[in-house]
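Chains: A, B, C and D, in written order; residue numbering restarts at 1 for each.
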Amino acid sequence: MQTGRSTVRVRDVEFGGDEVVLIAGPCSVESETQLLTVARAVRDAGARMLRGGAFKPRTSPDSFRGLGEEGLKLLALARAETGLPVVTEVMDPRLIPLVSQYADMLQVGSRNMQNFPLLEELGRSRVPVLLKRGMGSTIDELLSAAEYLFRGGNDQVVFCERGIRTFEPSTRSTLDLNAVPMLRRRSLLPVIVDPSHGTGHAWMVPSLASAAVAVRADGLIIEVHANPALALSDGAQSVTPAEFDALAREVAAVATAIGRHTAVPCGAR
Amino acid sequence: MQTGRSTVRVRDVEFGGDEVVLIAGPCSVESETQLLTVARAVRDAGARMLRGGAFKPRTSPDSFRGLGEEGLKLLALARAETGLPVVTEVMDPRLIPLVSQYADMLQVGSRNMQNFPLLEELGRSRVPVLLKRGMGSTIDELLSAAEYLFRGGNDQVVFCERGIRTFEPSTRSTLDLNAVPMLRRRSLLPVIVDPSHGTGHAWMVPSLASAAVAVRADGLIIEVHANPALALSDGAQSVTPAEFDALAREVAAVATAIGRHTAVPCGAR
Amino acid sequence: MQTGRSTVRVRDVEFGGDEVVLIAGPCSVESETQLLTVARAVRDAGARMLRGGAFKPRTSPDSFRGLGEEGLKLLALARAETGLPVVTEVMDPRLIPLVSQYADMLQVGSRNMQNFPLLEELGRSRVPVLLKRGMGSTIDELLSAAEYLFRGGNDQVVFCERGIRTFEPSTRSTLDLNAVPMLRRRSLLPVIVDPSHGTGHAWMVPSLASAAVAVRADGLIIEVHANPALALSDGAQSVTPAEFDALAREVAAVATAIGRHTAVPCGAR
Amino acid sequence: MQTGRSTVRVRDVEFGGDEVVLIAGPCSVESETQLLTVARAVRDAGARMLRGGAFKPRTSPDSFRGLGEEGLKLLALARAETGLPVVTEVMDPRLIPLVSQYADMLQVGSRNMQNFPLLEELGRSRVPVLLKRGMGSTIDELLSAAEYLFRGGNDQVVFCERGIRTFEPSTRSTLDLNAVPMLRRRSLLPVIVDPSHGTGHAWMVPSLASAAVAVRADGLIIEVHANPALALSDGAQSVTPAEFDALAREVAAVATAIGRHTAVPCGAR
């Protein structure tokens, strides 16, 4: 039991309790078929929430930048089909009302961790926020960014460690698992981990997912695509539904080893 | 002569030519007296533009966050008094029309280098943009961020190197002067340097300013405060008007040594 | 079973098989009582090898730099008492014969990962080597450093991830657990993790130890001191014998969850 | 004038006075012709000392690792021919007597900044030492490394900033020119800069050399090769003799601009 810690509810999902919450789904929403295929698969494997990008922040404007509102509608459809609550990113303070119509939780992406007008607007909303650490940001700065949300009255905040910028070139980021116990010591809010961005390599995601659970992450967010080679974004770091299923099984066993659990208890399948 | 390079004009000031442009002023606009005192002093010392923050991005919401529109009005007043064009930061895409009424150049701060809705909105405006490198961003990503501005039709862009995040703790950032020749090789746009944020120590600013000119920066942006100890933000890295005057003299001599010049030619005072 | 992987034997201990090997002991050997107390405690808790510094690399020459040969003798005494093989650091190529008389495995510390004369001399010896990653070194460079050992004929090499230098100031290093699967993909040699140096905080060591096992580390090296507040070096990151015992129990459970085991099987105590 | 600062003499060359000392030469000594050609050219362009590697630290043991003592003999020959004192690296404490027979100054390379047995042995010698900052080392640690030399009685130490490890991939290292004023504030010893390793690109070396002089470096160390494309090491960052000549001219002008000078006064050629 996580005595004295805060919990954040997103519909029937609770972050910060004994359950380690699995969030999974594609990097970008690409089509109804693509999304529903993945959504059903990850639900069956034990995911409790669905992720998917409709408005995508991309380093270059030439990259695929998402389906926009059409993507949001598909996410709502997938929720209706699977029962999984939806988390998706919002980058523009002007789009918060629109995105909130469809999503159950709003993600502040790594590049926007210190986008203060966005944080202030989200602080005034009452939607739960998934606040990702900036890739060049300290733990202190992540905690201060949350203050902008609290200031507006929104304390439904889940932190997400997703890797930082370092000199190591063989991985996309350096996943900083030290950040999990440090954030949990300095804040009562839940902390989840994104091993997809934190490694950049699909084959590394499962073992880092297990490590994240072992270090006491309150959840995981994992990119899953039925055919990673054809993904419009982040294919190299997306696992297949079958790989996600195996990941979820191991993660369940690790959770049990440390006195926690995932949605589908280890051994129940 | 900088053959074949692009120039960016802000009123009568030209970036990217043989002149090394000095921008100076307080971190934050605090009051009419504070601003006018500094504006007159830096103009007399050779500055060609005035900087000053009205909407301040601060790591913590408890810090002083600027005077808002009142600060913009004071900047316009200082421009009327001194003739110096004004650059100030805009963080919120919704405020671009307001800030553009007062400022001659809009700054995209380090934390917002990848705030794509902001960049797209600025791309649709026709105001010159000072695009600062993110403290955790690569040179490639800075160049890609500018693409968002070009896409909307705005090619009046000046890059600014302001220091990056590294393991070295004795300085606020590590000023990456390698970035100046690299940016100038990969783009024709002007590049300026901010040694105030790049060092975090007022006593280091003058020598890094000279280094920036020697490495071929097209300009400098320097924080100046009449009484740094009382500054509401960034006092530790602000130089006094007298220190700025000495800095400008040395910078003029260094510019001459490499075949360039500043507004007030070396020896003319 | 770790099919096809290389194993490294140190007396009766095997690295690289299904067993996750626990190495524990004080940062520095300080006295017979201090060492024996810890050695017995960690053996009883499931450690398979004893660590302890006799020649200590210290950033400042004013810090405690170890007991030298007297420390080596105490390590040999502790081995005789507990049956635990001993690993200790050697920094000076001229001291390899001396240190080899007492130790079962020689550690190349983080600062000496690219001390090529030392590596070449160790390559000519036949003592197993624990090769720690430099705090500013890439994974590629660590693999290349091992080539220096192989060149001389010594392939008894165990890699150790111990944290790298990043901009994050709240922890002594950033433990790079991504390095574990990456090293295991690019080399067949065993990889262990040092969460003591990788975090710098005793209270973080247990959860990062569990994470290291979950990510498939072949072992752990943990600093333990009976009275950390009085330790002559690294007190802040040393756990007590009681904390090590709890750590070993959880680590055993996590190992079981991923199909591996530690010396004392989970539940056997 | 540099009031109160310490100076370090290497034969007739003085570091730490008003003169900015140029050291130049090939990365590795490859042959008599190669070395003498470069040595004469850099002397004529204003270099005061000759650099050249005989024992080369290389990341991989498969790379060219230098001519050893044969290389030292060629350096001594080049000194006899040109009158330039010689600096070369020593990595192995056992080789200090040998290398000292030929060299006028011993370089501790970046990878060995915390090789304490090497530093202690050099501390007991009376040869001037060029102590390069480790690529993953803080300024504090560089200062502490010098303490090991002082402890043995050797205070003839010149610091060298040569770039640090950061996330920026477009340059080999990030040259940290902030380190120059910081080292000069915290120590009275001379500080030189190595823009060759600090950038990794020959075309960037001249402008960073000028920047280093502007920031108050007491000298420069530059890799020069008559035919960089054929160099056995570091060709990509080596300038040609003609490029070095142009570099020396500009550096002389920048030195004059800040009240210092190089060996051949600006305009004297």
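The rule is simple: a residue touches a chain if its C-beta (ideal position, glycine included) is under 8 Å from a C-beta of that chain, and two chains touch if they have at least 3 such contacts.
A quick note: this is a predicted structure, and the numbers were derived from the prediction, not measured.
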item: Any chain that touches subunit C and subunit B; value: A, D
item: Mutual neighbours - chains that touch subunit C and subunit D alike; value: A, B
item: Of A-D and A-B, whichever chain pair has more C-beta contact pairs; value: A-B
item: Identity of the chain that, by mean CA position, is farthest from subunit A; value: D
item: Centre-to-centre distance between subunit B and subunit A (centres being mean Cα positions), rounded to whole Å; value: 36
item: Cα-centroid distance, subunit A relative to subunit D, in whole angstrom; value: 49
item: Junction residues of subunit C, two or more chains touched; value: 136, 140, 164-167, 169
item: In the complex, subunit B residues that touch subunit D; value: 136, 138-140, 164-171, 174-182, 185, 198-199, 203-204, 207-208, 210-216, 250, 253-254, 256-258
item: Complex interface listing, subunit A residues touching subunit D; value: 136, 165-167, 169
item: Touching residues (chain side subunit B, partner subunit A) in the complex; value: 57-62, 91-95, 111-112, 114-117, 134-137, 140-141, 144-145, 147-148, 151, 164-165
